[in-house]
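What follows is chain A paired twice: with chain B in the first complex and chain C in the second.
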Partner chain A sequence: MTIAPKAPRKLSMKQRYQALTRDLDWEPSYVSREEMFPYLEFEGIKIHDWSKWEDPFRLTVDAYCKYQAEKDKRLYAVLDGFAQGQGHLSLTDANYLNAMKIFLQGIAPNEYNAHRNFAYLARHLGGPGPRFAALCQSIDEMRHTQTEVHTLSNYNKYYSGFHNFSQQHDRVWYLSVPKSFFEDALSAGPFEFLIAIGFSFEYLLTNLLFVPFMSGASFNGDLPTMTFGFSAQSDESRHMTLGLEAIKFLLEQDEANVPIVQAWIDKWFWRGYRVTGLVAQMLDYMLPRKVMSWKEAFELYFEQQMMQGLFQDLAFYGITPPRHVEDAIGEKDVLSHQVYWILYQFSHAASFTTSVPNDEHLEWLSKTYPDTFDTYYKPLWDKEKRNIEAGGRHFVRGLPQLCQVCQIPMGFTEPGDPTTICQRESEYNGEKFQTCSNGCQWIFEREPEKYVQAWLPVHQIYQGNCGGPTLPDVLEWYGLQDGDNGEYVGSVDERNWKKWHAETDVNEPEGSDATTNTTA
Partner chain B sequence: MAVKAITTYDFPSRSRQELYGDDQLVHVWFKDNPWFCAAACFRAPKAMTWGDFWSQLVIPFAEEDPDFDPAAARAWSLHGDAIAPRDDQTLEELGVVHKDVLATVLA
Partner chain C sequence: MTETTTTGTPATPGTPAATRPVGVDIQESETNRAVVEAIEADNPDCAVQHMPGLVRITSPGRLVVNRVTVEDRLGREWETHEFQMAIVSYFGHIQEWDDDEIVIAWDH
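This part shows the complex of A and B:
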């Protein structure tokens, strides 16, 4: 009697993951390990045993593709339905989309940058586990870029400000803030990038950077963006886990890593926090239907979750809360007002529109910020209302002083004194460099060789590198079209919105006032 | 501390004075006026007189504030010290160097 050979047993998910990562790894034989991984030592980080990396999630390529395909299918079904049903008409207001313009111009291109650098980590980290985790995140980030662009492309058919986000990311002044932030990380070593983006951006600040946009979408009738948010959420939770595992791994490998990691946390907390200024003004000024104030978001997502949660855990490794965190906490009552005041005055050179908050909005701001709004900011809006009645609308007739590090116009005030602008000055190689805060000055003085290379939009305009000497020259070089910029009241978007909503049959908006774009 | 890099790390400033020829960048900070969200940045010849700097660059910028009075008495400071610029003095004579901040309040 012969016994038929048993069919080969199917590997479990865990075994398949083992085969995919560890079993495919090898030790080099004809080059040295240092030649194979040349970027692992110059930052001073010591890794003794890469096998101690605990994979925060175990995913195989086929499982990954299956999940993502299902999520994409759901997302694209929503996008189709929204487009076919003229869903854009059920937004709270056309000016809500200013928040999404900033998201598309400022964030989506940085998702692509994240894709690039995680692909680099997937090649250059020294262990198979972290390499595969970085590979998955790299693919996620690419997918986020694509889905964000596709999600918002429908609006590009009807609204201004969406048509040229990629070029604008590279050129326009306020977008140099997120761009230079991310390029600072891209030009760092692999471990600093892990702490800068994997930990500080994806873990420490992610709920302040990402969640407000998605909540804003859900409160303002933007079903596609909300669905994109859900679609990205499971990826984001993997990214957060990776960021946390990365920092713990570095801290556990060698005690000498602790001060290096601490300095990176100090730096990247402040770098990321400054970028959240754009989110702060979006929450408090750009959403027709409010989700929560910046102050509330900061208290919940940062002070409670991170200061009272995460940093209590990290204290075990000798990690302390970020340097300058007290300055950030002290700014929560003033930050959004200062950033919006800047954007309001310079929106003639931006790819979004701004407006004076209406009475109901001003009342909300007074109630939400009882200690600061009526004293410091409402008088400015009252004066601007009188200004508008007299036929003016405040756009700055010139260019502002920029912070050498965060690149935001220097409109932030001294800690504890909302009436005096904070000016810090450092000298390097006989040249003066100004920064907007203690945090940015500390970052500059730690690595001045890096920040002297900053491509500051104002200085570049004065050097003649931005299309020409006049404002129209620069705006053309920015790729702005009529309707993209300036005041919302009376803008192309507002006129169209009113016309579409005045029509009895609003099924098919047609005959918009300006040329619409079909390039996305 | 210095940048940690894989090789020599030495790059010129992207806003060094020589890139502006005979000009330089000068900031003007209206310290007591929150109407201007930040100090202004101008490109001005080093040999420009204070009178020209004030009338050709600063006034057109500051007039955007409906309450701005170009004739109002002002106190000026540079590098933390009070200065009293005369119209015929050049920026260079006043000691203004590239990227300096001239601060002013109503006197």
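This part shows the complex of A and C:
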């Protein structure tokens, strides 16, 4: 053993990274490498030299702690100020919070899942560089879960739909979309998870998920969410880098990795893209003050940055754009309308409320989607407005068929034909399985043994696993309370909002005329 | 530097790495104004777009953040790690991040 020479007073960033990350690694002596890292072979990925992994952030544990602490301090200062100043009253409208309810129920629990799986990678990847990067990301994801819950808990004091997000994430039908997406990744091997979440989700799609949410918050008076979002996104940049390094590393290590990685990109692009359908409807329908349309966001963050930027870079390695990407591009004029129409009709069984877009909003939709909205979707809303005038706001009374892969109700249309519902049928072991699209069918048929096990909320209700046979039974099992669900107009949130803004009789008793009960 | 209000002209397929746009989204704040100004000064071809709560800077092929330029505008020491407090998102590849500069560019 030699004594290290006296270190210079201040190491450069590169030297510190080397000393605090790489130099802390060791070769095992009383177990084999295979025993120490048992999960690196079975997916068929070949790694020859883990030291080739680059971490451009050159993050060390001291710098990590220093800057993360600073980020939290800034966030909590904003949260305190917002709470002390009754900031919730300066939102554009209480119905804006429907977007945040979906965020808390659908995303925050998945941040926690990301924390779990990156902790697993921090233990099991074969090199110190990626292990340390995964460790940082694991801690980040825990921070995101906590800050999201803290940020939105302020609204839970005043508004419906926030009180039971964790249980609802595990039980409620639309939340099985993000839940099953993430659990699909959790149940994959370490390298597939890196491509699924690290690359496809964090690099390809994260901007579509986060930036519109945060800009939407900024535009709608939701300072805490905006601050939390930017705080999380600053970590997200590091996560994007990890994802991009992961894919480049795998592709550079062995040519045999290329087809495996390509198939994962094909699968996980479409899996993630289907989840962003929830973001699409949020952007176009749930923000009282609009930031950008889904179509604009998709063109900017996906078509421009990814298709014309990233995939040209990856072409060097023989990687092609994701299979079925043309279907996704072709859907950009119809996606948000189809998803919101589903949510509108089923919000009696959801932990958010929906409403017919007002006239100004309909006009914006017509202008923003000139090729599709007036032809295919405005007539639906016109008809629904007539229903409401006649006293009959409608909810679908039955249960929808769900896609076996993405678990979204089968409401999407054929590529290039917005008037025909797309339904794909596959057979496996003598049983029939339905999928919503070419993408989901391809994913199903590639790994049917995985997707036949899907926990489909509708099937589970019919099998008697969700509290009972009637709607009130199921809603109770979902943990929904009066005011969480149904129509926004006349809801507890709307009545409170009006009361606080003195537009209605202050003495009106709370909860006396909730429309939600009538649907049950 | 050009001020733009649109999302810019999309690159055509097959555009080489040297001209394909890269970019960074920065949170709009008092400190970050100096960072944005420094980027504008060091990247003459960049385009700056203001979006709710953030500033989006794109540049053909390459975008550099120089510590010295930021320090000049900020009037204090600034370590490149601090850029983590500013960045919301980026596209491109972080090619270099050391004590003196951060470089975002496409590799291929």
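Here is the rule we use: the second predicted complex is superposed on the first by the 486 of 520 C-alpha atoms of A that agree within 3 Å, B and C clash if a C-alpha of one lies under 4 Å from a C-alpha of the other, contacts with A are read in each partner's own complex, and residues count from 1 in each chain.
Here, a contact is a pair of C-beta atoms (placed from the backbone, for glycine too) under 8 Å apart; a residue touches a chain by one contact, two chains touch by 3 or more.
No experiment lies behind these values; they were computed from the predicted model shown.
When the two complexes are overlaid on their common chain A, residue A:392 makes contact with chain B while staying clear of chain C. Shared-chain residue A:76: touches no atom of chain B or chain C. Looking at the shared chain after the overlay, A:315 reaches chain C, while chain B stays out of its contact range. In the superposition on chain A, A:477 contacts neither chain B nor chain C.
Once the two complexes are laid over each other on the shared chain, residue contacts for A:423 go to chain B alone; chain C is not touched. In the superposition on chain A, A:211 contacts chain C only, with no contact to chain B. The contact sets of chain A with chain B and with chain C never meet.
On the side of chain A, the complex with chain B involves touching residues 38-39, 42-44, 189, 338, 341-342, 345, 376, 380, 383, 386-387, 390, 392, 394-402, 409-411, 419-421, 423, 425, 428-429, 431-434, 446-447, 449-450, 452-456, 458-459, 462-463.
The part of chain A that touches chain C in the complex is made up of residues 12-14, 56-59, 63, 66-67, 70-71, 206-207, 210-211, 214-215, 218-219, 226, 230, 233-234, 236-238, 240-241, 244, 248, 291, 296, 299-300, 303-306, 308-310, 312-316. Interface of chain B with chain A (complex): residues 1-6, 9-17, 19-20, 25, 27, 29, 31, 34-43, 60-61, 63-64, 66-67, 97-101. Contacts from chain C toward chain A in the complex involve residues 7-8, 10-15, 17, 20-23, 25, 27, 51-54, 80-82, 84-99, 106-108.
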